[in-house]
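The chains carry the letters A, B and C, assigned in the order they are written, with residues numbered from 1 in each.
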Amino acid sequence: MSKAQIMNGNELVSEAAIAAGCRFYAGYPITPSSEIPEHLSKRMPEVGGVFVQFEDEIASCMAAVGASYAGYKSMTASSGPGISLKQEAIGLACMMELPLVVVNVMRGGPSTGLPTRVSQADLMQARWGTHGDHMIIAVAPETLLETYTETIRAFNMAEKYRTPVYILTDAVLAHLNGRVELPDPSTLEIIDRTQPSVPPEEYNPYDVERFGEVPPLPNKENFHDYRFHMTGLNKDKTGFPTVNKEAVEADEERMITKITGNIKDIESFEYYKMDDAQLVIFAYGTNAAAARVAVDEAREAGIKAGMFRPITVWPFPEKQVAEIGKNFDKMIVSEINLGQMLYEVERATKGNIEISTVLQAAGVPIRPQQILDKMKEVL
Amino acid sequence: MAFHYELRFAGIGGQGNMLAGAIIAEAAIFFENKYATQVPTYTSQVRGGPTKADIIISDEPIYFAESTHINFFLALDQRTYNLYKGDTLDGAIVLVDSGLVEVPDEDRAKWDVYEYPIIRTAKYEVGNVITANILSVGMTGELTQIMSLDNIFKAVEKRVPPAFLELNEKAFKMGVDIAKKLKAEKGK
Amino acid sequence: MATDYSKYLRMEKLPLYWCPGCGNGTILKAMITAIDELGWQNDDIMMVSGIGCSSRATGYVDFHTIHTLHGRAVPVATAIKMCHPDMHVIVFSGDGDSTAIGGNHFIHACRRNIDLTVIIVDNWIYGMTGGQYSPLTPTGTKASTMPRGNIDPNFDIAELAKGAGATFVARSSVADPMILKNYIKKGLSHKGMSVIDALSNCHIQWGRRNKYGDPVKLVDLIKERTVTKAKAAKMSEEELKGKYVTGILYEDTAKKEYTQAYKELVEKAQNE
């Protein structure tokens, strides 16, 4: 069924969103993510979905939250400065527990930074960009095909856990045109929010006792018949505001544990040539491609290198990295920033492993040779 | 060893290098059943700024898509020639617009350099300056011999608007002929 | 026939959280009465609010309700209307919410002429946060962040909405609740962006700082400051200074509504 096509990362995110059932896109133009709205402005009407280019990034993300409330699978996309503006709406989606997919095509920063150049400097923004205690899911694909499959997985997790999910790509992946063979749509696993099985008068959007830790949420077909209230204030099971200490505490904790408690389902990572490795590279996103080439070249040169690659970058693969810390002697953390996931790696490995770095924030990809040189230096 | 070939097309935004690169990659994917990538680099200035398109063609999946060991380098502008020539392998083929790029002697010693007034030819002999990129594609195909010229032209047909096909066919063929002539002059 | 308000209110959420005498209740009642007269069903109504005293209204009405973020009710309402064009989508908002932090969203919804009804509770002040001045605080009057009197000129919400492209614009006040109800009813029935500037009394946060701490006195002041469109036509510019012209100030039924335009776009895309 599959057929070779040439597509770039931005087009793949867009097509995967449609395949995942996304029927609402709201956005605002910004480099290097603009091909996503360009593509979806053409495609959404074709599939009967909604596309609106809003007046700003804030409105775009709020609209995506509104559409999700109204039962639609929704997405917005942007890059650094735009993602900064979307933060309040992402926090609202966390609090209202609404599925939402946010694409961040990472570029250099802070501020306007390097609009057309690659970076991975928004990892911590993805984790902690919006205020307040909250948990976030974020995925970072390495290749074009994975950009497609991870976008589908992002929608599935957003729906399943009623939560915002980030897709972190970057300027290279966004504009990289390459050969892809997309999976047959009928083979894709598509998850939709569970639907209330109770009559409308008995439905409450946060009734955990009755429905479990992720209560059902009406889809677009059921939205009309199920009337309920939602607010950005801390809420009780009915969706109305509360300041009750016990209720707030339980709700705040559940909003985190509904994700961390299902980590087995959410986590995704790759061990590449790790079995006999003397040295482990920690890399993710497009930078993992450079690390992979470096590992292969190192092995040709007789260096037993391996790579650990988180695909779900948030929640951080705490356990796996801690294990690596115990079982290996040396690690190189490489990322296209000045050290962000490095903090998490250091925290998780608790001083059990010697850590070196290949970091770069220059608007250009880290080359395999740079990682290879570092391997030779540390061994 | 598996086939692996890296190209870089450098120039000024608006010259059509991105499209030229995409055509080469598409020819490899659609008509030669190979893996290929094209990754553009540009500034926030979409037109007028230095740009490059890196193209990799391989029998195997490509992970790192920036060209770091360049077999073929095309430059249509002096500044981008200087900026992006660094990754070119010794013995690589280098094609420049002779009206716009001056190649230093030390570069000539390292590389198999071809010079031709590409943009001028597109403007005055093909009849439209916008065909410079397709003229370059024709020259690239003949100079590199990495794919059949027919397959490259099929990719051109797929990409250019039908109204401009005839003009682009003329540009492509002229590019091939010029490259043949330049090779012959070198005794190749 | 008298309106049965219990049909439209979440009775268990009463009493209202607003200060005694607050104009919010009057405006909410006018809206509910208008809906009752139109015979609309609760399931068909979507009410969206932002942040502020008036924005708490979404908690009291038994419709589909969402209490969003400060200034952001309009983009949320726009999205819901795009997803469910058959629903009646109402935004209930304050003057600060809709014209300061939400000003950009407000004018762009007007420009699109999307079928929303935006009711702006225009009480000249940020009430909930403690009486800071808004874009509608009358110049010269006091606010907690303008203790020496406001130096900022004001927006004219009606002119702003009209200029931005809204196709139904009306203004009334809590001093004329029946007329206000009629305008809201017309706005709700209008196909396109309708804006109702509902002048209201915040005798606590604006009033107490400006010698109008008594709600009756403040409603009287509002009455004094409002003139009908017909009367205004006969008044000089000098006489109109500091006055609020009331009435249906603008109505256009020819401009295409946005969900309709989008529907046509979808048809075009699907027939290509």
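Here is the rule we go by: a residue touches a chain if its C-beta (ideal position, glycine included) is under 8 Å from a C-beta of that chain, and two chains touch if they have at least 3 such contacts.
Treat the numbers as computed from the prediction; the structure is a model and nothing was measured.
Visitor: What pair of chains is linked by the most C-beta contacts?
Guide: Of all chain pairs, the one joined by the most C-beta contacts is A-C.
Visitor: Averaging each chain's C-alpha atoms to get its centre, pick out the one most distant from chain B.
Guide: Of all the other chains, the one whose centre lies farthest from chain B is C.
Visitor: Counting only Cα atoms for the centres, state how far chain B is from chain C in Å.
Guide: 61
Visitor: Between chain A and chain C, what's the gap in Å when you average each chain's C-alpha atoms?
Guide: Using C-alpha averages as centres, the distance is 38 Å.
Visitor: Rounded to the nearest whole Å, what is the centre-to-centre distance of chain A and chain B, using the mean of the C-alpha atoms as each centre?
Guide: The computed centroid separation for chain A versus chain B comes out at 36 Å.
Visitor: Which chain B residues sit where two or more other chains touch them?
Guide: none
Visitor: Per the contact definition, I'd like the list of chain A residues that touch chain B in the complex.
Guide: 4, 6, 31, 115-117, 142-143, 172, 175-179, 289-290, 292-293, 364-365, 367-369
Visitor: What does chain C use to touch chain A in their complex?
Guide: Against chain A, chain C makes touches at 13, 42-44, 48, 51, 58-59, 62-69, 72, 74-80, 82-84, 87, 104-105, 108, 262, 265-266, 268-270, 272.
Visitor: In the complex of these two chains, what residues of chain A are touching chain C?
Guide: Per the touch definition, chain A meets chain C at residues 24, 26, 42, 45-46, 48, 50, 52, 54-56, 58-60, 62-67, 69-72, 74, 88-89, 92, 220, 223-225, 227-233, 240-241.
Visitor: Where on chain B is chain A touching in the complex?
Guide: 22, 25-26, 29-30, 33-44, 61-66, 68
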